[in-house]
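Accompanying notes for the structure given below.
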Amino acid sequence: MSLFSYKKNKKKSDAWVKIAMFLVAAFMLLPFCWIISTSLRLPKESFSLPPSFFPTSFHIENYKRVFTELPFFNFIFNSIKITIVVTVGQSIVTSLAAYAFSRIKFKGRNVLFIIMLSGIMIPYQSTIIPKFLFVKALGIMDTHLALILPALIHPLGIFLVRQFMLTIPKSYDEAAYIDGATRFRIYWNILLPMSIPSIIVVSIMSFIMMWNDFMNPLIFISTYEKMTLPLGLTVLKGYMGTGSVSAILAGVSISLITPLLIYIFGQKYLMQGSALSGIKG
Amino acid sequence: MTNNKNLKLKYTKNNVKDTISAYLFLSPAIITFVLFVAGPVVLTVCYLCFTKYNIITPTEFVGLDNFIKLFDYPVTGTIFKNTLKYVVVLVPLHVIIGLLLAIGVSKEVSGRLKYFFRTAIYFPSVVTTASVAIAWTYLYNKDFGVINYFLNRLGADSIPWLISTKWSIPAIAIFSIWKFVGTPFLYYLIGIQNIPDSFYEAATIDGANKLQTFFKITIPLLSPTIFFVITTTFIGAMQIFEEPFLLTNGGPGDSSRTIALFIYEKAFKSYQMGYASAIAVILFIIILLLTLIQFSLQKKWVNYDYE
Amino acid sequence: MKLKKILISILVLAVVLAFAGCGGSSGNRPDKDDKVSSENTDSNNKNEPVTIKLAIMGEGQNKENTQKILDKFNQENPDIKAEVQYVPVTSGSGWNDFFTKIKTMVAGGNPPDLAFVAIEGIQMFVNLGLAVPLDEYFDKNPEQLKEAKDDIHPKLQAPFIVNGKTYALVCEWNNVVLHMNTKLLEDAGLELPPQDWDKDMFLDYCSKLTKTEGGQKQYAVAVPAYYFGFSSWLFNNNASVLNEDMTKCTLNQPNSVEMFQFWQDMVNKYEYAAMPEPGVDDIQRLVDGQIAMGSWGRWPTLTYINNDFKDAAVQYLPKFKSKNVIYGSGGFCVINGTKHPYEAMKTAVWTAGEYFVKNYYSAGSIPCRKSVAEEVIPKLGIPENHELYYKSADYAKPVESPPAYAEIANVFDRYLSAVLTNEMSAQEAMDKATEEIDNVLEQSPIK
């Protein structure tokens, strides 16, 4: 029953808890080891058993193949472009709205805030069809704008940044207001810089969301060269077949790099984001 | 008197101006919200679900036909049942496994190991579902998949993970746990770290045993997080799409087909937009009702006192 | 103070607009450039060639070669620049998903000028008004029609003439035959079966070709788990998916159920057949020696060439209640919404011409032109017994291609996989499939 013991600062961790945690960690990480080691094998040997979780050979041809035979650079470039544009655009939309919600008293503020917040709960499937029709009506079907525009609104982000702005003492901007600063200048010079930590948290959340998005590209993008990485990879699966599992996994390995970097450099913010959205949501 | 009046006048004037500038600040958010969130919901619920629309010929009002059609369709029951299965399997597993893992990690003394465990458990949550799902289809292969290789070594028979009606949902559930358990795990971990040690110390002094402190202190203090995890995983499981789409495409037969997959197929494969909207409306109503029930029940067990 | 506030408001608005504008331009730039250049060509510069895009299903593995073949056309026709546009499929078994994608492109306002349409989709394309007939072009160039008619088997061409209008000249076709790995046949002491082999002999072959060696199972045959492939087996048992005028589903008829039962047993009772797995290509498994036989057209030759695989032979499917050969043909249709219909038609007709057919189908599908097929197929040399590919056109039957093909194939795939997993009896599954397909036929907006 030691799992239920409570002392956090116990000198020794329980051995069996530790063993269990190692087993869990192995379960979580072994698929990645298999992906990477198989991506370095000869395609013919990709299914050779027993499986190995550490590279036994280094055939980087698989990686070259992915780039030479497919528009893989396009996939990566598209993903980067869309993700960055959305992350930046969303930060602007979000922080402007959060400023209004946290600092300006106006008619309908509470109602509007609640309506926007309820956007978090709306299931994706109930908006996708009209979204498709709007995108079609705007004439941006099969362009990256079809992925960018709908992603600019992020109700949870507005909520989080607003909460953060509320914790900034009003005395900062009131002083400026009395000095005759404009609302936009207060936003731009005072509140925006001060709420950067919360904006980073929201940006990282939306970065991961956009980078991994699969359903929107699936519905809105049909041209090969305009596809994003997740969609392009599923196409790769159809093309390569079993003979080239190594090559497919080379593509998969490449797609893991960005999330890994984000995790390494952004984990502090990811934790904060989870803390904010998890406990106060 | 006059002064006062002036002040009041100024205030209301200011108020109007404030309102204008607030809406200017909000305009990008409002426009995108109306176009891509609120507008679509209203359009789906109030209009599209009562029409017949194949995107090439104009819409045609058909009343409740779509709902009747859905009711008559022999596979509807299976699809709703499947979705329910995902909910029943995934919600408790995420809630419980995530909690156990968070407790396990919080027990680790060594900072490095703690970091390692946390990374190992959370990392699958940030990677692209589509790409790891591709890898898992090979791990699950019946004849030369890695998972069956280990099962064989342990003396068990090969399991036809993705190609049998019995195993398709369990296979998708295992993948889903692997992929997403890191998220609730992280919520719990943060929650546990926020529990002050003094609570436990007080409990020890009162002579509470380990199990008692777990159920009397840890669980109640984590209850807001648990509630949040239940609500979000429930909504996620009701809408599960990518995992069955990428691993089995709803098959074999209809064994892993979900409501979300069905909506996608009707809307974007056979272009029955009205029909698909009707299904989406039903899904929306189910999610809304069950979420409201959860919210009303939370008062009975969720404890916000310590916040 | 007042002025200032107005100024702020304007500033905010400006920021919003600037942001919206720049988001827009940065997102759209590459696409816009494309559009502008193609629009320019048609109005301003008469000397610049017009771009004609040919949508082909695939992921672009042969893009360079295909473009090279088209470049020949571009040289001959300086006013046209034909370009291949690969449309990859993300799920499902082929045509279904491809046709849907073309439909989306048309609905979204950026259709390709030409799209390859296989026989399964032609009724759907015509019924939805997605395809434009070529008659206008042939009125002006009757000699081209005559020349094509002389060399293309009328039977292969027939499905593409709807209500007296020609929607495409076929450029390729396939018949389903049984591919065999001759190395595995040899190992089992078997020879290429005779043309008139039957079910019993097939089962005998299967039992000899199934074995487990070193933990790795070798299966005798791949399940023909796709509409076209399974239809060919149904035809051999006097069964079919639909009745003759394609108004009712006949999958629950005894002959059809018997064939589904046969494959259910092949997988579950005899364990001769490999259950199809997601992400696994059975043609590749035949090449790798894990499966001995499989029912396909001529397209596996592409995989054979990629793997430098020579140990392949083909034979007709074994006789059950009857002996039939199924075929499916395809050609390029002009898509409604093209800005240059005449040029598109010209390109479409050229794709059924000798040069394109000869070079594009040197491997892969069977060239539609008799003269070309008889030259190209022996030249490739694989698989053994390849004359089956051009000798069967006279008595082959077309695969059933109803207007609601996409929906029907979807139902078909789902119940076929349910039968193969042994979860449902063949009769039960086919009763349900028939009910659903009849429903589709009744409710389908296209008839």
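The chains carry the letters A, B and C, assigned in the order they are written, with residues numbered from 1 in each.
By definition in this document, a contact is a pair of C-beta atoms (placed from the backbone, for glycine too) under 8 Å apart; a residue touches a chain by one contact, two chains touch by 3 or more.
The structure presented is a predicted model; accordingly, all values stated were derived computationally and were not measured.
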By Cα centroid distance, the chain farthest from subunit B is C
Please state whether B-C or A-B has more C-beta contact pairs across its interface.
-> A-B
What whole-number Å value describes the gap between the mean CA coordinates of subunit B and subunit C?
-> 37
Rounded to the nearest Å, the gap separating the Cα centres of subunit A and subunit B is 15
Note: subunit A residues in touch with at least two other chains are 49, 92, 96, 136, 149, 152, 183, 231, 234, 236-237
Hunt down the residues of subunit C that sit against at least two other chains at once, touch-wise.
-> 5, 8, 12, 16, 19, 91, 104, 107, 215, 279-280
Where subunit B touches two or more other chains simultaneously, the residues are 21, 25, 28, 55, 134, 137-138, 141, 144, 268
For subunit B, which residues count as touching subunit C in their complex?
-> 17, 20-21, 24-25, 27-28, 52, 54-57, 69, 73-75, 134, 137-138, 141-144, 152, 160, 162-166, 245, 247-255, 265, 268-271
So in the complex, which bits of subunit B are touching subunit A?
-> 15, 18-19, 21-23, 25-26, 28-30, 32-33, 35-41, 43-45, 48, 55, 100-101, 103-110, 113, 116-117, 119-124, 126-132, 134-139, 141, 144, 146, 149, 178, 182-183, 186-187, 190-191, 194, 197, 200, 203, 210-211, 213-214, 217-218, 224-225, 228-229, 232, 235, 238-239, 241-242, 246, 259-260, 263-264, 267-268, 273, 276-277, 279-281, 283-284, 287-288, 291, 307
Which residues, counting only subunit C, touch subunit A once they are in their complex?
-> 1, 4-5, 7-8, 11-12, 15-16, 19, 23-24, 26-28, 31, 58-61, 85-91, 101, 104-105, 107-110, 215, 279-281, 283-285, 287-288, 303, 306-307
Contacts from subunit A onto subunit C in the complex sit at residues 44, 49, 69-71, 81-82, 85, 89, 92, 96, 135-136, 139-145, 148-149, 152, 180, 182-185, 218, 222-224, 226, 231, 234-239, 241-243
Show which residues of subunit C lie in contact with subunit B when the two form their complex.
-> 5, 8-9, 12-13, 16, 19-20, 91-92, 96-97, 100, 103-104, 106-107, 128-129, 215-217, 274-280, 290, 406-407, 410, 413-415, 417-418, 420-421, 423-424, 429, 432, 435-436, 439, 443, 445
